[in-house]
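Next come the structures, one after another.
Look at the two complexes coming up: chain A is in both, with chain B in one and chain C in the other.
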Partner chain A sequence: MPIILENVSFSYSRKTPLETLALRDINLRIEKGEFVGILGEKGAGKSTLTKLLNGLLKPETGTVRVDGLDPSLREAKRRIGMVFQQAADQLFCKSVYEEIAFGPQNFGYSKKETEERVYEAIKAVSLDHSILSRDPFSLSGGEMQRVAIASALALRPDYLVLDEPITGLDPVGKKEILDALKKVKDMGTAVVTVTHNLKGFFPLLEKIVLIKEGRIVFQGSRENYLRKDCVPLPPIASIMKELRARGIPVNPEVFTVEDALEEILRVKFALEKEKQ
Partner chain B sequence: MQEPVFSYVPGASLLHRLDPRTKIVAVMLLGFLTFRIENFAEIGVLFAFFFALALLSGLPMRVFFRAVKPMRLFIIFIFLAQLFFTDGRALVSYWILQPSLEGLEIGLKLAARFILLLLFAALLTASTDPSAITCGIERMLRPLPLRLLGISSFELATMMNISIAFLPLLFERVERTKAAQAARGMDFVKNPFRSVPALAIPLLRGVIRDAEELALAMESRGYQGSRRTSIHELSMQKNDWKALLILALFIIFILVL
Partner chain C sequence: MIRLEEVSYSYPDGTPALENINLTVKKGEFLGIIGKNGSGKSTLALQLNGLLKPQTGRVKIRGMDTRDPSKLPGIRKLVGVVFQNPETQFVGRTIEEDLAFGPENLCLPPVEIKKCVDMALAETGLQKYKYRSPKTLSGGQGQCVALAGILAMSPECLIFDEITSMLDPESGKAVLETIKKLHKKGKTVVYITHNLEELYDADRIIVMEKGKIRLEGEPESVFSNPSLQALGLALPSVIELAELLKTHGMVIPWEKTFSPKSFAEELCRLFLKT
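And now, the complex of A and B:
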């Protein structure tokens, strides 16, 4: 069963002069095991959308269903793991172990079960066992974010929702998070992420949702996203498009640097052959 | 979203135009008066005085009464404490509870005094820009020899300004942390002992980090805690002296009668 949003609208500060419409007429379906990217400019309503998914906000009109459940139910919350942008805003325990065990303990799992889940979670984000005894605040930004992801994964969610998980991290930290999320997705958990960083995420995304001024203006595959001339584009797609515009017949539908390189070399050899 | 308590509501009434110092002094004097009055008639007069000022401010009454709302449990508590724990003629007797007539009287008076204090304070904050209040306090503290204690009134004013400016950000941070912990299944009602540190620790850490960054940012722009110019040029007008005179007469009238 998927997450389904039907005709969802939401405004902030309802019934006051400050009322602002954040989302309108959102229809969206997120399947189990998908890697979904939610794109859009600042203030487009991306973060509001993630908060609607796990019941932190209630839609003004329309319905949100998580596997058929109301998202404010405890069971629905367990099925959706949330990771917010500032990992430091949620860390509070003396050790990483306690931090990751916080979720399972809240749901009343036994000590053995909790331990099993903690080890499973840190494995999923490729952290070493030695980190479990460390103080969460002594970690690097990338490690902190991975601990935050692990603490969401410890509830074995079906969907992992992240709000700009790699913003503000150094390149090493970014790569660590991207690798961890890829692994999480390969293990069968759907990953839904809000992001500005197309460069990092584009190779991973299976489905793209583009929001503009509170409306979904595009949803579909990466191929279609590139075909429809949507913006923003990842740098590699911009380069391919520009090459094509300047008369080099490359196929602009590439998602990674490696693919782009291969495509450019292919065209180069083809052109050289033609000359001969 | 919750409406902010004790917030400034812009306007152009006589009350808004008064010098912040006048209003601060007035609230202090009225607060003092609230605890000097003895009987219900005087409390009634003070309430009437409040309503007169509130009408003068031209603001809707709910602006002031929402300042009382968060304190209502506390007010009910002090009322009940007085009602049940004052010795005197018993009104009724039920089990070990013996509400007394004297307790009822003292309780009502105390509750009325707290409500009056809150209302007068709300009158000040609703009709005065917060930065004007701090500017007024700073000017009033200037003659005091605070230097001997190693602080200057300018530093105090800056501190107050920053505290006020950062309150909304603090609430935003609380919301963020609450959301993050709720997503991990934290249940505040079911397990408050675990929830309090889960909120307090990230919050304190964040606030201390913010404060440190702010201090560095201020110092790097040349802040030294010495005398600074203010956007509010304070000057006592005729109306300010008139208001203070009327207030003084009102207080003498109540205290003498």
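And now, the complex of A and C:
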């Protein structure tokens, strides 16, 4: 069963002079095991959307259902793990172990079960056991973010929702998170992430949801997104788009450095042949 | 303007953060500093206006030694720092009040303070938000307030420590444009980042790793240095593509790699030649 949003609208500060419409007529379906990217400019409504998915915000009109359940129900909350932008804001325990065990303990799992889940979660994000006794606030940015992800994974969610998980990290930290998320997805959990970092995330995304001024303007596969010339694009895809605009017939689905090189050499060869 | 001689610094827990750093920041220069997390970039930034003092060696700001407490007010007036998270830098209830904090502390008369605040608002385009609370602004505007707060003290040198890393790309670009404008007007800028793309038109870049300066030079030579990846830095994918094309005899000049448009134009030119 998926997460389904039907005709969802949401405004902040409703019924006050400051009322602002954040999302309008959202229809969206997120299937189990998908890797979904939510893209759009700042203020488009991306973060609002993530908060509607797990019941932190309630839709003004329309419905949200998580595997058929109301997202404010305890069981629905267990199925959706949430990781916010700044990992440090959601860490609060004295040790990494306590941090990750907090969720399972609150759901009343036994000590043994909790321990099992903590070990499973750190393994999923490729952290070593030695980290469990450390103070979460002494960790590097990438490690902190992985602990935040592990805390969400300890409830064995079916969906992991993240808001800009690699912002502010250096290239090494970014790669750690991307690798961890890929692994989480491969183990069967759906990953839904808001991101501006196309260079890092694009290769992982299977489905893209593009939001503009509170409305979904594109929803579909990465390939379709590229073919429809949507923006934003990763830098390499932007070059490909500019080439097509100049009448050079390059494949619109190319967005990696390696593929771009191959494509450019192919076109060059074809043009040379034509001349002869 | 700023000179570091054999500067070393370790944190109280013994972690060495800087080792024998020798560096001169010239007046009017745009100096970029890059390096992965923990390479010592931020520690270096804090040394540049005396927030941290060297344990060995010395840091001189226009001849004033940062270890001399009597010189600190003079140093702080010359060099201002803007940090990563704007929210940790706000002190006032309104933006106007926030910007007045610096000049007030320099003991300027009220008329002068008002002038400083107005100038800072104008430089950053924040006039219309004057009476708003800094906490109601977006991240990008917040960084502009933090920058304006420093500008209100009219420093000659501005230090930026990863100020765009929490911002979305559009807001980041806007903040960087404001900084470039200030640089053109004569401010000395030290810009710390781990995003190489922000340093295309820096005058000079230094690359740090484990508390040491590993590479130094103009952007073009630093970007094409093969050891960058080993230093924990990711080359922009566009530069990576340009480097690969070069090995196939297609040379995209450095300045054409800055935008997808000029890159594509250059490729078309190369295609036509064939």
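Keep in mind that, in the parts below, the second predicted complex is superposed on the first by the 252 of 276 C-alpha atoms of A that agree within 3 Å, B and C clash if a C-alpha of one lies under 4 Å from a C-alpha of the other, contacts with A are read in each partner's own complex, and residues count from 1 in each chain.
Simple rule for what comes next: a residue touches a chain if its C-beta (ideal position, glycine included) is under 8 Å from a C-beta of that chain, and two chains touch if they have at least 3 such contacts.
None of the values given here were measured: they were computed from a predicted structure.
In the superposed model, A:F102 makes contact with chain B only, not with chain C.
In the superposition on chain A, contact of A:H196 is made with chain C only, not with chain B.
In the superposition on chain A, A:E242 contacts chain C only, with no contact to chain B. In the overlay built on the shared chain, the residue A:R78 is in contact with chain B alone; chain C does not reach it. Once the two complexes are laid over each other on the shared chain, residue contacts for A:K268 go to chain C alone; chain B is not touched. Within the superposed three-chain model, A:F92 lies in touch with chain B and out of touch with chain C [touch as defined at top]. Of the two partner chains, chain C is the only one that A:P171 touches; chain B does not reach it.
A count of residues in chain A touched by chain B and by chain C gives the higher number to C. For the contact definition in use here, the residues of chain A common to its chain B contact set and its chain C contact set are 86. Every residue of chain A that touches chain C in the complex is listed here, in rising order: 41-43, 85-86, 140-142, 167-174, 196, 199, 232, 234-236, 238-239, 241-243, 245-246, 248, 256-257, 260-261, 264-265, 267-268, 271-272, 275. Per the touch definition, chain B reaches chain A in the complex via residues 1, 173, 176-177, 179-187, 191, 194, 197-198, 200-202, 205-206.
For chain A in complex with chain B, the residues that touch the partner chain are 12-13, 16, 51, 54, 56, 74, 77-78, 80-82, 84, 86, 88-92, 102-103, 106-107, 137, 151-152, 155.
Residue ranges of chain C in contact with chain A, taken from their complex: 36-38, 84, 138-140, 162, 165-166, 168-171, 194, 232-234, 236-238, 240-241, 244-245, 248, 250, 260-261, 263-265, 267-268, 270-271, 274.
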